[in-house]
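Right, I'll just put the structure down here and ask away after.
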Amino acid sequence: MCGIIGVSNHPESARLAYLGLYALQHRGQESAGIVSVDEAGVARTHRGMGLVSDVFSEGVMDSFEGSTAIGHTRYSTAGSSVLANSQPVLVRYRSGTLALGHNGNLTNAAELRRELVDGGSIFQSTMDSEILVHLIARSRHRDPADQIREALGRVEGAYSLVITVNQVMYAVVDPRGFRPLMLGKVRDAVVVASESCALDIVGAGAVCELEPGTLLRIEGGKIDYLDPLPPQAPKRCVFELVYFSRPDSLIFGESVDQYRRALGRRLAREHPALGADCVFSVPDSSNAAALGFSEASGIPLEHALIRNHYVGRTFIHPVQAGRDAKVKIKYNTVRDILAGKKVVVVDDSIVRGTTSRGLVNMIRHAGAQEVHFRVASAPIVGPCYYGIDTPTRDELIAANHSVAEIAAYLGVDSLGYLSLEGMVESSAGDPTRFCDACFSTHYPTPVPSDSAKLRLESEAARAQKV
Amino acid sequence: MCGIIGVSNHPESARLAYLGLYALQHRGQESAGIVSVDEAGVARTHRGMGLVSDVFSEGVMDSFEGSTAIGHTRYSTAGSSVLANSQPVLVRYRSGTLALGHNGNLTNAAELRRELVDGGSIFQSTMDSEILVHLIARSRHRDPADQIREALGRVEGAYSLVITVNQVMYAVVDPRGFRPLMLGKVRDAVVVASESCALDIVGAGAVCELEPGTLLRIEGGKIDYLDPLPPQAPKRCVFELVYFSRPDSLIFGESVDQYRRALGRRLAREHPALGADCVFSVPDSSNAAALGFSEASGIPLEHALIRNHYVGRTFIHPVQAGRDAKVKIKYNTVRDILAGKKVVVVDDSIVRGTTSRGLVNMIRHAGAQEVHFRVASAPIVGPCYYGIDTPTRDELIAANHSVAEIAAYLGVDSLGYLSLEGMVESSAGDPTRFCDACFSTHYPTPVPSDSAKLRLESEAARAQKV
Amino acid sequence: MCGIIGVSNHPESARLAYLGLYALQHRGQESAGIVSVDEAGVARTHRGMGLVSDVFSEGVMDSFEGSTAIGHTRYSTAGSSVLANSQPVLVRYRSGTLALGHNGNLTNAAELRRELVDGGSIFQSTMDSEILVHLIARSRHRDPADQIREALGRVEGAYSLVITVNQVMYAVVDPRGFRPLMLGKVRDAVVVASESCALDIVGAGAVCELEPGTLLRIEGGKIDYLDPLPPQAPKRCVFELVYFSRPDSLIFGESVDQYRRALGRRLAREHPALGADCVFSVPDSSNAAALGFSEASGIPLEHALIRNHYVGRTFIHPVQAGRDAKVKIKYNTVRDILAGKKVVVVDDSIVRGTTSRGLVNMIRHAGAQEVHFRVASAPIVGPCYYGIDTPTRDELIAANHSVAEIAAYLGVDSLGYLSLEGMVESSAGDPTRFCDACFSTHYPTPVPSDSAKLRLESEAARAQKV
Amino acid sequence: MCGIIGVSNHPESARLAYLGLYALQHRGQESAGIVSVDEAGVARTHRGMGLVSDVFSEGVMDSFEGSTAIGHTRYSTAGSSVLANSQPVLVRYRSGTLALGHNGNLTNAAELRRELVDGGSIFQSTMDSEILVHLIARSRHRDPADQIREALGRVEGAYSLVITVNQVMYAVVDPRGFRPLMLGKVRDAVVVASESCALDIVGAGAVCELEPGTLLRIEGGKIDYLDPLPPQAPKRCVFELVYFSRPDSLIFGESVDQYRRALGRRLAREHPALGADCVFSVPDSSNAAALGFSEASGIPLEHALIRNHYVGRTFIHPVQAGRDAKVKIKYNTVRDILAGKKVVVVDDSIVRGTTSRGLVNMIRHAGAQEVHFRVASAPIVGPCYYGIDTPTRDELIAANHSVAEIAAYLGVDSLGYLSLEGMVESSAGDPTRFCDACFSTHYPTPVPSDSAKLRLESEAARAQKV
């Protein structure tokens, strides 16, 4: 997953991009980068591995110039974890300087890459995003907007993009709108960002959310809505709402916090835990759902798990090794609350089940008498091909085991997943607008076969290591 | 403030100390250090500025040897922010190798330092803890326990200590017991740590809390209770419970989480906010109090403020500059909850008022109709001389302004502080055992005059900069 | 200027490349890089700014795998000083993984780049070497050797190359042979390197020097001489012998040390300094010439200038700013030798004249009565377009001033440059085989106009900064 | 060994100290440090492991303030290689801020340390220099000059010192004058430094060399010669002239370059190599001696060994491991000169013999027919206790083997050491003023027994590792 931001027509464009990346840090902690472009079209860039606060120093920030900037924070979805795979991509091509930040994942990347490579293109990274850059550069159109449109006509999958060609910025959302992209203004400057929380931090009022298929041209404070991309049925990623986005963000037309509250209430109705003494969340991503559960069930809310915030976010750590050991580093129990109690744990989702199992162990060790596990989303039965870094089907516990088996594996007294209907109906908006492929395996686009995916990755891995 | 840990009789002593420091990171983020001592008495040390995870690499951890180790994580209370002031202090003296980690603050440091300096002692840091090391080294006793006892006979103030003399470990709590120190065992190893959460993370069962005046000698898995220090009335720091310790810790004989819940309930009774639509916390330190407030008042709990956990903890950042700007970096509002609502904000304490004022601004900006601020502790009217890094009286808003003035400064519709009686009576234990000097100005020891304090600090600053 | 090395069929290929780069450090101190390729075709790379010893740590070296490796150490000739411009270039293209290290400079880079960009190619660096990679990737041939040959058919200028396509290595010298490339063997491994000193350090016996136009295919210890490139009159860079290469190297069929000795002897005959008390070198590059001068003239040799070797090499520092101040940092005089003496200073060449002028100042300040400056090469009257980082014509003192004017500028009593005939006739080999363009302005290829060169550079600078 | 510099009464004192350290880098590459003191007595310090250019950044240099500064560059003689052992030492004591930089080694350190430790002193490093600081701090005198004098009355051995007490600077040379210390002035500023080359680089004219026993007080541009220390027969370290100091320095009243030339000439007379084809040096420390040898013998000088200056200086590398491998990294041969020739190699000294043996191997491998090794100093038969980092007697090849045995070990056709008489008589000054203990074992002071030395070191090692 990734976070992107673009700032146009602001004298401190790179500093605003930096602040925005800070607010989008939860969307990717592997690498971060900023490109700024000045009036003469000179681009300056800095990218590095790690957190935004580690990558950018005061000195680096001082070196940026120009009123246009884009930023990117990355967690690997395609391409391995090396600096060469950090974004924004910055190249020089026919029409000048081109920078691009991409949130999402292309589903026909392997074919396109093969075709480009056959045509003599070279690849310096293993990111699918580099394909987009090649396609834009190969277009015979003269207007960059036409080049971008032609390139997008070739790709399938999920892409929210901020692009600069010289000092002109473009913002794009794919026709299905898998990933969010918000538009805001602060004085004369225009800002686009993955989530509204990044607009908030730079003091930008949210103008609106970009609809699926939008192609914007932004220059000198002016926003041009170019002809939209060919329409498709919208497929907003429900997992953004369930887990990924920040609760203070407004995306896909609704409040993330309110949606999660609704999930919790619905979960309490679908899987009540009668007679439980208390309910608590796995902090922080399921805080809202636990509150909703408590509200609807009347079971008192507690804070029984404490999270050490000096460690990162489990789900998006790249390496599996050592994950189990990390449960204890990240979480601890409040024993007085748990001893002798019948408790309800609310979590937002279960991926592999290893963290949940570790948590249940801790809760039992603290003396809980009964542990009832409630999940505020449906079982994850398929990998995501649109930008969320879920593992392969083999590692998804719900893709390979029944709820009863999972309950046994977790060691809980009962386990209840929210139904898929419950998930989509909890939305304040149109429940049909979602992509729920990881919960339903109804992929809205052709997807690479698992073997193709593996082959691509191993090919990519060959291209560059260290 | 600081966190300390000591591990004795464990083949991986330094790694346990490292894990423990991880859990104690909230007690100090300025520097961290570990000393390990092997069977031959050879000490190895590594100290650095920054977070535990930044200071220690895998390579550094590999370089430690020996079954005894102590660790320290520091936020400056006395002495400026430089590597020379990081702990543990490690020196060679008459009886061998001496390492010392100190949590607390000595109140007669200036006099002792002057006396030692007059006697020809040299100081390489500006920490009061270096005084302790000199006093131990100057003792004519042969037994290190006697040396330590003699040294402690000279100092006044707050000190929880882990000390090693060669491979023997000593754990000390001053006669008033200002700071917590927990004792645990994991198999044959003995662990002492500032809070029980550090015992949890290394899998050590808590044996007990060290009583005020305790002096322990720990060697080869054996714990000797030496004669206690001359008794004093206990003065447990109530601010540890109110704000500083982790909610999953058990200190001073009670659960931090449960105490804060009780504070919140009492606050709701003392300062109800009739007709409010919702109550929410300033996360995370006031989560429990807000829950208690909701419980007692029946006002629904919300999560209206979201904290970006990729930044540190406001209160303990060393430099004032830029603090106001940081409110927005750390917190954001959930607008849907706040728009048009009468809200209650629960915070654990107000120090300077700048963060609170920034939060109130944000809450109003998100559309709240009325803002009622509730503080789960009494007004802070005096600086702490016992280890909490509160500012001087001049900067403490409640030391210089009435509640009405503070309410006006914050821009709230009403402001309610918990009473001092309410605070101490919320305890599950003896309410007379607390030091509440920062709330009452009843200092249990003579304290340096403000001018003396300033002089010491400016003297210290002269000794070493950069 | 750059140094390159390739190692094939050795289990520790990257470590040999590392050692070789160490010996080639004088050819470029701006950045260094290594690519290794294993049996499965997986490439690993590490590149960084700075010296070889700074860029590669033990940990980095451990991460390389595979029996094929190439290395590069760079001083910027085309493209600005940023990490993106470090080599080897590593990309994935139609035939697999392609890595390339380039010593030299292409003279038709601007046209080729424009053409490629028009054809949709994207550029991630400002190096002319990236053009070669695009040309290889765009070739429709299937055999990489044919692809390389086709690409080389398009480029003009100077190039000694090591290339890997998967695990097969190619070594190339352009048809004029501007830059040296040596071939050696150590047991079953094949090594190619810019200078023989790099073969020596890895214990490889020199097999031979690659003739102009050579194209080698190296795999599994086997060396195939493919059909040579279309022949041209050889144009060996005489400046390699005069200044650039290490004196312990054998290049272009002769000993660098012996050639410089011959230059010094000839210089003594062309410009004797009758009655001088002593002769000394500007260490270390003119040590051999000064010895030759002393030998031929009978004037006693002294060591009157001492160089601080903890600083780099003047000529190849990228930034002009502060150069004058650096003379004193790099050199100091031995006063006892100079006081009251008539002295002869032998230097290898004069570029801008600033260092020489600083040295003369120092020598006078130390009490020398007469200073006779002797230069073991002809006046530099034109920039190099073939890989030596000489400045533009405007900055070349001899391109704009007579010898008398230069003597006045330097403040010397007499100034003598070796004649161009003297230079070439000092060679032990065929004197017509040299490129002496910087001394004669007889460029063996069309060269970019100065304005074109400037335009290219400013375009390149726009493509990427920071 | 170490280099020291002190600058008084200069607005850019730290920058001058920095430049001076640069010129003294050859005296120690392990760590470097600077302390500056401003008008208010506030001291600022920065110390780090590594070369001067690595330790100090522009930002660090900017942070220094004040017109007084001292600097130190260190190679370990006593105390292991850790940051805690870097200098200047900076402490706060009775009279204020005390900073001290020490070149030399105390011979009664073990006794003094034991006594101080018994008296309650604590040690934070393993350097003997810390003893001096304790002794000064323990003095009951009020005037710092008296404190220093009292402390020096207790110590034996070698010490050239720069000390600051608040803004007053003191410069000291021990009564025997083992180590050089030069005094210079640049405008109103006073500079003292280990060698005259450091005065040259800051543009300071050398005022004079400090005589043995000198104690200077320097303040506000004024130099006070305080009463000298109790006199002793001078014992100037001849090894400074033979090897350690820079050839452009003037120390002990003579030119290092001229002295080494004289050594070479004498060596040629004592051990001619009749019929040899050429003579060459092991660069750079024996360049002057080889030139002298050539001059006196008439054997033509060559440059047959080339040194890669991107590596450090062999003799003063702390770890023995890997030394042999390093010969090849540091040196290479010029084959054309050596092939089939009878050659004379001139080196300044032989310590362990490993480097010499490696060089002889290389020379033979390059085809030399006969190798005659000439050493421009006498056999080293004893360790130095006065600051030169020679190994223990066990490792000194000449302490344990006859010249014939050494010749066999090196694999040379003949081996000639200069006689001790030859060494001292080559001086332009009084030949009796030298300490030649490492050549004669006539130690001018009591020296620690080897076992005592080992005990001290192992004790020291225990005090602090990592």
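Annotations
Going by the order they are written in, the chains are A, B, C and D; count residues from 1 in each one.
Simple rule for what comes next: a contact is a pair of C-beta atoms (placed from the backbone, for glycine too) under 8 Å apart; a residue touches a chain by one contact, two chains touch by 3 or more.
This one's a predicted model, so the numbers in the text were calculated from it and none came from an experiment.
Among the other chains, B has the CA centre that is most remote from the centre of subunit C. Note on chain placement: the centre of subunit B and the centre of subunit C lie 60 Å apart, centres being C-alpha means. One inter-chain figure worth recording: subunit A and subunit C are separated by 48 Å, centre to centre, where each centre is the mean of the chain's CA atoms. Taking each chain's centre as the mean of its C-alpha atoms, subunit A lies 36 Å from subunit B. Touching two or more other chains at once is no residue of subunit D. Taken as a contact graph, with one node per protein chain and an edge wherever two chains touch, the assembly forms a single closed ring in which every chain touches exactly two others.
Chains touching one another, given as pairs, are A-B, A-C, B-D, C-D. Residues 40-46, 60, 63-64, 90-94, 96-98, 117-124, 126, 133-134, 137-139, 459-466 of subunit D touch subunit B in their complex. By the touch criterion stated above, subunit D contacts subunit C in their complex at residues 19, 22-23, 25-26, 51-53, 197, 200-201, 246-248, 250, 255, 257-258, 284, 287-288, 291, 295, 300-303, 306, 308-311, 328-329, 332-337.
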